[in-house]
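The first chain written gets the first letter, and so on, giving A, B, C, D and E; residue counts start at 1 in each chain.
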Amino acid sequence: MKIKRYTLFSLLLIVVLLLAACGGNTTDTGDTGNTGDTGNTGDTGNTGNTGDTGDEMMEEDPWGYITFAPGESIKLAVSSALAGGYAVYGQDMVNGVELAIEDFGGELMGFPIIVEAGDDGCEGAPAVTVAEQFSADPAVLGVIGPMCSGSVFPASDIYAGNNVVMITPSSTAVIITARGYQNLFRTVANDDLQAEVTAGFLAEDKGVTTLGIMHDQSLYGEGIAQAISDKFEAGGGTVTAFEGITRGETDYSAVISEVLAGEPEAVYFGGMDAEGALLINQLRAAGFEGIFFGPDGIKSKPTFIDASGGAAEGSFATFGAVAGAVGAEDWATRFAEKYGDPVAYGPGSYDSATIILQAAEKVAFLDADGNLKIPRFALAEMIRATPYEGVTGALQFTETGDLAKVSITVFEVVDGDFIEVKTVDFGE
Amino acid sequence: MSSILESRSLTKKFGGLLAVNDFSLEVPEGSISCIIGPNGAGKTTFFNCVVGFYLPEEGEIIFNGKPIQGMPPYKITGLGISRTYQNIRLFSNMTAIENIIVGQHAHTKATMIDAVLHTPKNRKEEKESVTEAQRLLEFVGLSGEGDILARNLPYGAQRRLEIARALANKPKLLLLDEPTAGMNPYESAELTSFIKRLRDELGTTILLIEHDMRVVMKISEQITVLDYGSKIAEGNAKEIQSNPKVIEAYLGRGAASGLSLSRD
Amino acid sequence: MEFDFTRFAEQLINGLTVGSFYALIALGYTMVYGVLTMINFAHGEIFMMGAYIGLFSLNRMVDAGLYERSPITAIILTFLAGMAGAALTGVTIERLAYRPLRRAARLAPLISAIGISIFLQEFVRILPAMGEQVMGLRIAGNPIFPPGWQEAVIGVLEDFGGVQVKTYPGIFTTDGFYLGEVYVTYSRVIILVISMLTMVGLWLLVKFSRLGKAMRAVSEDKDVAALMGINVNRVISQTFLIGSALAGLAGVMQGMFYLQIRNTMGFVPGIKAFTAAVLGGIGNIPGAMLGGYTLGLAEVIGIQFLPAIYKDVVAFGLLVLILIFKPTGILGEALTEKKM
Amino acid sequence: MIDEANKLFSNLTRRFGRQTVMIVGILLVIGVLVLPVIEFQRQAFWVRVIGFTGLYIILGLGLNIVVGFAGLLDLGYVAFYAIGAYTYGLLASGQFGIHLSFWLVLPLAALLAALAGVLLGIPVLRMRGDYLAIVTLGFGEIIRILLNNLRGFTNGSQGVVGIDKPVIFGYVLDSGIHFYYMIFILVAVVAFFSNRLNHSRIGRAWIAIREDEDVAEMMGINTTLYKLLAFGSGALVGGLAGAIFSAWQGSIFPDNFNLFVSINVLSLIIIGGIGSIPGVIVGALALITLPDVLRQFSDYRLLLYGLLLVIMMIARPEGFIPSQRRKLELREEDPQPVTD
Amino acid sequence: MALLEVNDIHTYYGNIHALKGVSLSVEAGEIVSLIGANGAGKTTTLRTISGLLRPRQGSIKFKGEDLASFPAHDLVYKGISMVPEGRGVFSRLTVQENLEMGAYSRKDNIASDLERIFGIFPRLKERRKQVAGTLSGGEQQMLATGRALMSRPSLLLMDEPSMGLAPILVEGIFDTIQEINQEGTTILLVEQNALMALQVASRGYVLQTGEVVLEDTAENLRKNQMVQNAYLGIQ
């Protein structure tokens, strides 16, 4: 009995400590003056909450208004994986949004802006719950995310039904934007465009005729791998192998042996950075000397290049952004100082957040009582109408929410960093 | 008397070990018969072969004129063979009455649909099961203790409950494996007369394994002695007691005198 | 594809390497199962903790220049640190999360273990962030901890865990030698040698040492073992200690030879090793080793004939097949199945 | 259910007084039913959260038949959920251009899942305890891998999207509230039936198998058949839940059906009190609702979840509302066991 | 001073009050028998003395030392050893390993003790390499007894050594008990076979529903009418 009580006590103690630790992180709940250890926004005594939008203005915006009483905070929401295996990317997104708010000045017409992050675990079901949460919250200005295509599908139904603007910085699946939602945008190129550039680069610039393809069996990885396979074969090349690996394993030598048995000149991997690092390392150990190529998911210095033990040297990756875009270098330095090197979606999230904030600034107004009002439909239209210069390049949306102009850049790993090799522009 | 159970040249091996070796036995219908023998002689193994728990390598087991070896235990039970265990194996977290109701399984018919929809058939059957179970509890002297969890019953009551559960199957043949194990002479004498009553009142044939010679000699009409899986003797109590082979292998001289010491 | 002997031989070596990891981790499952008849679902996370603690120590030795001066010493010390760290984790878990449930239902410790597994994964990930928040706590607007501490503590925590993948320094290269036509890297040979030596050592320990016999006695009957004068709790702790140390060894090996470690790295090997332990007959030590290698080889042989995505299907299919014919695993005793 | 509810009721009344319990109970039931009707600010969120909890209650009730009633440890329950979901997804979406009615596919999904349950049951019948656990776990993984890789059939990792919403008399059920009511009707139906099953000849046979399989067979119980019945009924319920999930969600991906779902469902029935129907509800509230309520602790969510599992198990190894019978099974009654 | 002094112990299983104040004593060199019906508390008494169960009340003194604070595994070091009910051999260990486990509490050379046990039970010597699970019931009983002796106990607790054994083996078991006793080991014996038990013992206690109802010399107990009726099967 003694042991049991003691155990319980210690466990409870841990919980209390954790809750205390969590307590330090109340920037998102906004109902207490916060202790603010993360750089954003100050102490705002929150007074009650205003529920509904002002009736008298309803007819003016077909989607209604987001209204803030004086002193209330504007929430910029992030839906992503914040715990579990994909949290590294989700955290990156939150960091990007945080930095965007800071650069924006931390407030909009005197109303403080805060980040509200929701954990969707990169999965459909919780993403819908998060979407219901954000949609039901009258203080949410817009949503950055969800990160994974599997979450975007079901969650976007909810956001669309509630007229909440969302921009995903990461979901590349082609059909996401094909459903006619007017509230949905993305700041990345879709799989087809990436595949076109990759296949073209491999076949024309590098003269590759045989390609072995691997993927991580995920929606993202297999999707892009399939697109590459189609484009490469359409261009007259031969795909010697199309094999999947299991995320979470470490020794991929067996699959590699099978892929190399077809003696491909190049190997493409549809998947993320961490597995990419393991693969390139083991490919080289297995004697492969050809080209290794991957999508934006592997374009990460810390988790691909640094984690590969030098084997990544000479590998290629595409990224849907202009290298050396205005201020990008300076931005990257500032980001790194604050949070460490961006992993993957930090820049895209930064741009997405800034786009929403800039559009909001243009459509927002104060009513007679001093409430801040943001018309929802006008906000979406403003986002669509306004060209934007960001750290990932010049962005401009189409009717469907895709990028009108996309630049896809091929990077090569040289001396332990990504160097721009070639940029292809799409759109007018 | 015809035999209800017959074993013909039965052989059961475990690896290289011959647990039961070319064993033939006839159990007369309506008798109380007994198998004795040293530990590891193959008595319980034989029981396990009869109820279908083990598949014998050779030989036949005939129950009521039909071969039953190779049939699954639940089917053999359905034919009318029940058993108890050396170290009581009740469903210890079920109540006494539930134990008996489970014992009636082979005779009840309710299907999943009946159970879910509470059909009249199901209700009638449930009612009858409870009545029958209560009757059996009374028979073994446990009336009023139906709602006690089996494992909370005293040892002797557990033995009787196990027999009641076996009886719920309305067996024609009841196999009892060391029913008096762990009982003192007083308790085992009580159980012995109960077993006799069983046969006399219900007409159930009884085959038991037993170490307590006082019990064996008192109630057995036929005694079979097993040693190393083979039959070494068969006969009535007197014949067995004086059989030199049995004394040598099993009883021992002292035990024989011990029997007389008990002035039985 | 026609049969290619060289590739087949290559795959066998791949299978043995992977099998070594499975076997080392499976041993912990099987040992714990032996003494407690519980599935220690958190065992994969103990493996992960070993890798993290190993890396943390290695970084310290690099900082101190020890690695420069004597790489071999540093590597050995890294292994020892990883093993010790994993062992400590295992023993602590047993003490806090399993021992109070020793007499509870069989599934209670399983759920507790699942809880611990999730907790450890998240703990390692969140540690730096948590440190930052705890260090940032204020009373009446004044920080509780002096700023100097904050930096040091957060630095240490960030060096230990965090959300990002961590990388061991590339100590072992992709160098190797040709065995006939088959290219074998030195690192694979080292993995095989270390694993096999460890396992033989363990086998000898369990077979012949006083502790080994005590472990076997405890696994059969705790009460009677206590009557022999065996301190049952201590033996259980020691079992966790040894099993966890083996997982720690595997964890450090993973880091050394595959470079990359992360907080979720325990999950897949954990499930596979559990499979291997059952395959060999859970509770049986040689069974776990055999199960590990069988599984590793089955996977590589399987993908010679099927697409690689079906590798796990092959693994589980083999398990089902073996259990159908031998319900207690390859070396499991049939004796326990139907004893009367 | 009625018996258990009565017992629960009398327990609670003893502790809190009859009136309080009645009032709280009535308020709870009304709250659940009325929640979607009254308007309040975060209503849609709450409807989603409670509705989703309801879905897990259904899953819990289904798995409870297998684990709680029949005592078969199933770690691959998600497979049946997946089969139900994909049955509806494939037969009512653009995937094959088939758009069958939800009401037609719902029973079909249940039957297919039940069939899969029986098919899984056949090879694993002879296995006991932990062997069963790993094989069922493997089965769940195999189903997920197949869903992920049978690309021509399931569209692989790219999932099935644009799944039809159910239509009733020309009225499309597309809001969360519709699904909310649909789910709670099903909760009531499944709870009612599973309770009747438990207190029937079938239920008693399951208990007997759980207690002592060999003896159960000696009672004339065809253990093979009854185990299959348990697997089949549990799977059937899982299939129903899956079909509703896929209609509600509108898109499904293999990743929705990972091992964590099985673990979650198992944990909730054990935390609630295995074998107990009110227990399943409480367990779901603790493990499904609570984490959603604690959303503001986003990055600590899983960490707390893991810790919660451990603490709840240690505090109440028999679960919050154990079934009367299980309560007795779970607690060994030895006084101060010394060898622990 | 008695070797073992049990004073008014109360032991519970959950809420079940199993021992309701049992007191007994064993002098050095004696064989003392505990007899009683099933559920009378005989085994519980032995398990409480050996430390596997803890009394809620009462004291147990061995060689004058209170045993309350010692866990079961420490008692072996003090000189108490037990042959548990149902024998409890480690079925996957060999005969020799089982015997070695018996000497777990000792660090000195055990070879001579092994020889001594093999002297008492030559059957065990023949089977020393055999796994204990394959032994017959009688051999397992020998092994359990031999194993308990390996710790060189001053007090040996034996729980139902004759249970489930063929009559011919039962004799041998009681012969051995006397032999062990003559070599200087004190024995506390729980036996269903009261007849035999009272023949080898010098004194005895009769337990009924957790209480001692009778204590006397073995000879007197054998003559006692109540004992004859209830436990010796003599009517």
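To be clear about the criterion, a contact is a pair of C-beta atoms (placed from the backbone, for glycine too) under 8 Å apart; a residue touches a chain by one contact, two chains touch by 3 or more.
On a predicted model such as this, the values are computed, not experimentally measured, just so you know.
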Separate pieces, if any, that appear once subunit C is removed in thought: one piece
Contact-richer chain pair [B-E vs A-C]: A-C
Taking each chain's C-alpha mean as its centre, the one farthest from subunit D: E
Subunit A and subunit E, separation of their C-alpha mean positions in angstrom: 73
Distance from subunit E to subunit C - Cα centre to Cα centre, in angstrom: 44
Residues of subunit A engaged with two or more neighbouring chains: 4, 7-8, 11, 18, 21-22, 25, 83-84, 87, 91, 217, 244
Multi-partner residues of subunit E (at least 2 other chains): 16, 51-52, 71-72
Residues within subunit B bordering two or more other chains: 53, 85-86
Subunit D-facing residues of subunit B, complex: 51, 53, 72-74, 77-78, 82-83, 85, 89, 91-94, 98, 101-103, 105-108, 110, 112, 114-116, 118, 122, 125-126, 149, 165, 169
In the complex, subunit D residues that touch subunit B: 193, 196-197, 200-205, 207-208, 211-212, 214-223, 229, 233, 325, 328-329
Subunit C to subunit A touching residues, read off their complex: 1, 4, 7, 10-11, 14-15, 17-18, 21, 95-97, 99-100, 121-122, 125-126, 130, 132-134, 136-138, 163-165, 167, 170, 174, 176, 183, 185, 254, 258-260, 262, 264-265, 267-269, 299-300, 303-304, 307-309, 311-312
Complex interface listing, subunit D residues touching subunit A: 41-45, 47-49, 52, 148-149, 156-159, 161, 176, 245, 249-253, 255-256, 292, 295-304, 307, 310-311, 314-315, 336
Subunit E contact footprint on subunit B (complex, rising order): 37-40, 86, 152, 154-156, 178, 181-189, 211, 213-214, 249-252, 254-255, 258, 261-264
